[in-house]
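Notes to accompany the following structure.
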Amino acid sequence: MNLASIVNNQTQTPEAVLFFILAPVMVLSALGMLVVKKAVHSALLLAVVMIGLAIFYIANEAPFLGIVQIVVYTGAVMMLFLFILMLVGVDSSDSLEETIKGQRISAVLGSVGVGFLLISLLSRAELGRAYAGLELVNGEGNVQAIAKTLFTRYVWAFEVISALLITAALGAMVLAHRERLLPRKSQRELAAERVRQSAIPVAGLPGPGTYALHNAVDIPALLPDGSPADSSVSKTIAARGELANPNTFRMNEKNEAGEE
Amino acid sequence: MNGTSQMLVYLIAIPLFSATVLLLGSRALDKVGHIIGTLASTAAFVVGLLEFFAMLGRAPENRAVTQPLFTWIEVGNFNVGATLLLDQLSICFVLLITGVGTLIHIYSIAYMSHDKDRRRFFAFLNLFIAAMLLLVLGDSYLSLYVGWEGVGLASYLLIGFWNQKPAYATAAKKAFVANRVGDVGLSLAVMIAFVQFGSVSFSGVAEGVEAGKASSLALNCLGAALLLAAVGKSAQFPLQAWLGDAMAGPTPVSALIHAATMVTAGVYLISRSHFVFDVASVAQLLVVIVGAITLLFGAIIGMAKDDIKKALAASTMSQIGYMILATGLGPVGYAFAMMHLLTHGFFKAGMFLGAGSVMHGMNDEVDMRKYGALRKYMPVTFITFGLGYLAIIGVPPFAGFYSKDKIIEIALDAGGAKGIILGSITLLGAAITAFYMSRVMLMTFFGSKRWEADAHPHESPALMTIPMVILAIGSISAGFIFNLGDRFINFLNPVFHSDHSGHGEKEHLLPPIVVSALALTAVAIGVSIAIAKYGRGKSIPAVAPADVSVWTKVARRDLLQDDLNEALFMRPGQELTKALAIVDEKVIDGAVRGVGSLTLDVASGVRRTQTGFVRSYALWVIVGAVGILATIAVMSL
Amino acid sequence: MSLDNYLYLSALLFTIGAAGVLIRRNAIVVFMCIELMLNASNLAFVTFARMNGSIDGQLFAFFTMVVAACEVVVGLAIIVTIYRSRRSASVDDARLLKL
Amino acid sequence: MNSLTILGALPLLGSAALFLLPRANELLAKRVALGVSTVVAVAGLAIAMNFDRSVTGFQLVEKYSWIPAFGINFGLGVDGMALLLILLALILTPIVILACWNEAEGSRWSVKTFFALLLILETMMIGVFAATDIFLFYLFFEAMLIPVYFLIGGYGSGERAAAAVKFLLYSLFGGLLMLASIIGLYVVSRDQLGAPTFDVTELQKLSLNNQTEAFLFLGFFIAFAIKAPLWPFHTWLPDAAKAATPGTSVLLLGVLDKVGTYGMIRFCLTLFPDASKQFGPTIIVLSLISIFYGAFLAIWQSNGDIKRLISYTSISHFGFITLGIFAFTAQGQSGSILYMVNHGFSTAALFLIAGWMIARRNSSKVQDFGGLQRVTPVLAWTFFIAGLSSLALPGLSSFVSEFLVLVGTFVRYPLAAVIGTLGIILAALYILIPVQRSLHGPVAPGNENLKDLNLREKIAIAPVIALIIFFGFFPQILLNVINPGAQASISALNIGPSTGGDK
């Protein structure tokens, strides 16, 4: 017997168990989305909800949708979100301080109202209580069933939605396209500009350790006057505070060092 | 049945065509414009004469002829043809209009010779002749209406001929508007006639009245409406105020339009509508009252005027009062009214031309106080003017005697107290007429010279004097000829159906000879007072004395007619206009704009909900969702 | 267990997602909450499909996923564009709609 | 036969051609516009020759199914009234183009666009009068606003933007009410006739209950009263007329506003006879108010703006037109229709000449003129004749129509007619006062060197003046076309004696 089949309008016990374990997790995750400060955390919590949903789809005899949910949402869409978060700034955390007067309280009231009304209406709705189940329909397999309907009855909608998809892709490209305000500079111009801006050395930055007595990457090069050139060392190293002092490798001091 | 004539249309068409040519023509026509105009008028006169003789050749009951031209307006049973009608009544007018009109055209050639717009002047004169002929030739009230307003237009144009002077332009406007008030009456009359009789032609209405189609109330309303029209056009009380100002026009215009022809159109209208007034006793009484009041009104104003033209205008008003009064006296009066109208046409036109001649010689001075002793310098003018003077005051055997005397006679015969009152008024009017006309005569031609320094009076050229002479001849003879064996009365009889050819047979209040004696006595009294006051040896101040009685002041102000009009109509009208302008701006448009600004206010209030925070908007979405869900929940309970 | 429980869960997740949209200010988190709402409705679709014994619910869920994918692509591109010009991913900072 | 469609399409094609012309070659654009409109006018007159005056219904009928689901047809056809109004539009358009040759120069937009808009407007005018399908009528009714809006807003003067918006909002408001009524008619026709229809002749067969009819009537009537405009829906007109170029004003007042009164006859009276009777007395009162209100404000404007003055006189005249329509008599009806045509010509003349005066003097204030008769006699005389036509001087065309309206009203409502007749006194004032101020008197400073009309202007104004005079004496030519339809519409009302004098 199929685990998903319905008996006396009731699901079988394993499904109930699954539901009562997963549903609270999902609700809590969803609620968590509202309260966590960091957007990344919200995204992760959303992913949890989505995976839960995918499982429920499968439980609801929609394996195809379940897979698609994981592939498209949890895979593609959530990745997209994360990419954007990276672009916008990973750690830009939201202040949860409300700035619009009365917004939060009315939001909570409104949402609670919607939820309350939805649930109460659902509970009173006549939903065709003799549940049919999808065993018959999914007889040849869920994907086949979906395909059969999609390419017959919904073929027009399918075509339209594909047009929508293409349009959306185009739209995204247009939006992301940065309008060029000035003509592109040729290499020659770039070079001339570079020479004119004396702040940047024309010949390129010195490598680490040049003229110094050591050529490790954390040793700054020495300028002609003997002072160390900070720009010759990677900034990361400088940030870590792992910059070595070239003076420690000076000749006259080397002896002192050797003596020690 | 009436005969037809194919020539009637030329009466109107010739002057109309000439007017069009003169108006549209270029400056090249300037040199011959006056000749074309005069020829057109003369041609119309010739046509009129031909028609007249043709008419005399027919039996009295077949003398009326018609000429249907085309269907003018036909809607449902409202059917008005453009048809011309020439009967005994119209032919009198046709001859008067074209005859006097032609004389005045001739006179104007000289009078207007220095005006660079002379061509235009003649065009207007021709336009007037055409319109006036249409007025008297139309066979329906509506055709008459066209001529009626046409002469009003011509009058407007001619009064305002020198409209570069604001006062003259205002006078023209005043005349037109006063006439328009009268036109309301004519409009209403046509409407009443149509509703009551289904026809607006004279014959149709006459038949309807005869058949008793209309109630007495309707007939009296019709009569009153017609009277209103006549009052407006003929400058009768209470619409008389425009006539004095109308003297702003060139003097030939005053002679033709505002003395001889147009202003008598009211008399024509009432006479033409005799069938209505014969059965509408109240309207008829109103006619008499209007005539009587105007008669005295004009006479009183005439006494106080120093402007020779305004004095003559007041006299015109008064004389037309006589005519109107006569028409109000029933069948017996129409013919006498017509007779007085024709004789008045001669002598008043003659006197106006005389006045014009005087002005011509006196640098366009109109103030009689600056005349005096002109008889030696302008002999022809003096003699023709004097003949007219004798005619108007009613000295036998001049024309005015016959016509005015008859009116006094029938006024006395009106019966009872009415007869006595009317008789006294007409006699009083005759006395006053004699007084103020003598005053004009004395101040202008006798006494001492009171000229302005640069005045060089001289006799006018022949082109001006000849018409005056012809008119003077008319003033002498017309009355006598008309009255010879009641010829005129009998001629008009088929129109008025008044079987009073032997009016002598009726019971008189006083015998005719006594009436004539009374009238002559009244005239004599008037003349004597005038001589006593303005005669030989009396000094006449060059400036009108200010220390005169209140009555004189009132009379000089035209018996306060303008003040009254201003207080009753103009001021309230102006206030109303101003108030309405404010209402339009503030209330009606204010309401409209109020809707606009209300929308803006509401919008700026609602705008506050748009904080720009996308989360607030989202909140509203949620609120909406809650609302929808709640509705579903409530509905499904 | 009744299948209704899936629906209740779906409603609950949907509500939480909505609340997240209203409360969080980081555009990316808001966006993730929207995804949560879409996913919650997908769960309802799938459950309905099972209840009614018809595959259509699953197809709807499938379509929703495609649309959601499109939305994510465009939405994130917009976020990036805004971030590039404003140096901020907070939805409160972009309030040009206000007059 | 689809002569009406072709007629209507011609100006549209012309405007398309204008848009294709080079912007710089203004003269070419003007010539093309004049040529196209003249051709259309000639074609219209040729079509009119085929009109059978003895038939009462629609002629030159065309009908193509357009939106079958709602029973909407592309239906065209004309009766006497529609034909005359179309001809009015066709004759006025070339005259306006010729008269306003240089009007569009120096504006925000190009000259060719101005003339293209005029031609588009001509198409709309033909369409609105020829439509026999209410939906199509509504379409033209609203679409007409577009070119006018741009003509006012793009080429006007002063507060043109505000005036254009005011005009647009007013008209849209009315149009909305009408749309509601049209939808109402659609619903009723679907219920009663089985299939929904918008055909005017079909819709006459409906039997509506009183309340429905009253509401539907009001929807149409208010839209038309705004368009006409009737007091108190008039305040857009003076603003629009003042801001618009004279040519636009001519078409706006001369033709477009006639859609209001035309609609009252075509739709209000025929579709809602009972409601028309019910509201008749009220509308008579509104008309009387309009007559006097417009007249008084016109008199007031003789201290002010000449274009506003003319538009207020039009409000007064429109009062006469509605008076005649709702008198429900043959005379009133024919008179009103004739009035529409005559008013078109007299207002056209007034506006065109006022426009020339303003262009010469660079001011639209009446006080700034003065003594023009001495300086520019032809200009002054044409203005004077146009003014006389406006005050309905007998012998000029508007007299016949005004008098017919009054007679027709007198038959049914004597008191209203008496009051209305008093309006002619005010007419004399509102014409003669500005005439005196602007044409007479001493030459006002600044006017000494004004130029008289040139040949182009004379050619433009001559036909209008000629028609004004001609139709004063031969109105029967027009009345023969008008009468059958007018009498049919009155007898369809079934409202007792429709003409006077039947005793």
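For reference, chains read A, B, C and D in written order, and residue numbers begin at 1 within each chain.
Rule of thumb we're sticking to: a residue touches a chain if its C-beta (ideal position, glycine included) is under 8 Å from a C-beta of that chain, and two chains touch if they have at least 3 such contacts.
In this text, all values refer to a predicted model and were calculated from it rather than measured experimentally.
Taken together, chain A and chain D share the touching chains B. Rounded to whole angstrom units, the spacing between the C-alpha centres of chain C and chain D is 59. Centre-to-centre separation between chain B and chain D, using Cα means, comes to 37 Å. Between the Cα centres of chain B and chain C there is a gap of 93 Å. As a whole-number value, the distance joining the C-alpha centres of chain A and chain B reads 103 Å. Residue positions of chain D with contacts to 2 or more other chains are absent.
Residue positions 611, 613, 615, 619, 622 of chain B are each in touch with at least two other chains. Within chain C, contacts with two or more other chains are made by residues 18, 22-23, 25, 92.
If the chains shown are joined wherever they touch, the resulting network has some other arrangement, not a path, ring, star or complete graph.
Here chain D touches chain B in the complex through residues 166, 169-170, 232, 234-236, 293, 296-297, 299-300, 329-331, 334-335, 371, 373-374, 381, 388, 393-395, 399-400, 403-404, 406-407, 410-411, 414, 417-418, 421-422, 424-425, 427-429, 432-433, 436, 439-443, 473-476, 479, 483, 486-487, 498-503, going by the rule given at the top. Residues 23, 70-78, 82, 142, 145-146, 148-150, 153, 156, 160, 163-166, 169-170, 172-173, 176-177, 180-181, 183-184, 187-188, 190-192, 194-199, 213, 576-578, 580-581, 584, 588-589, 592, 596 of chain B are the ones that touch chain D when the two sit in their complex. Only residues 6, 9-11, 15-16, 19-20, 23, 26-27, 30-31, 33-34, 39, 42-43, 46, 49-50, 53, 56-57, 60-62, 64-65, 68-69, 72-73, 76-77, 80-81, 84-85, 87-89, 92, 94, 98-100, 103-104, 106-108, 110-112, 114-115, 118-119, 122-123, 127-128, 131-134, 136-138, 142, 145-146, 149-150, 154, 157, 161, 164-165, 167-169, 171-172, 175-176, 178 of chain A touch chain C when the two sit together in their complex. On chain C, the positions that touch chain A within their shared complex are 1-9, 11-20, 22-26, 28-29, 31-33, 35-36, 39, 42-43, 46-56, 58-59, 61-63, 65-74, 76-81, 83-84, 89, 92. On chain B, the positions that touch chain C within their shared complex are 607, 610-615, 618-619, 622.
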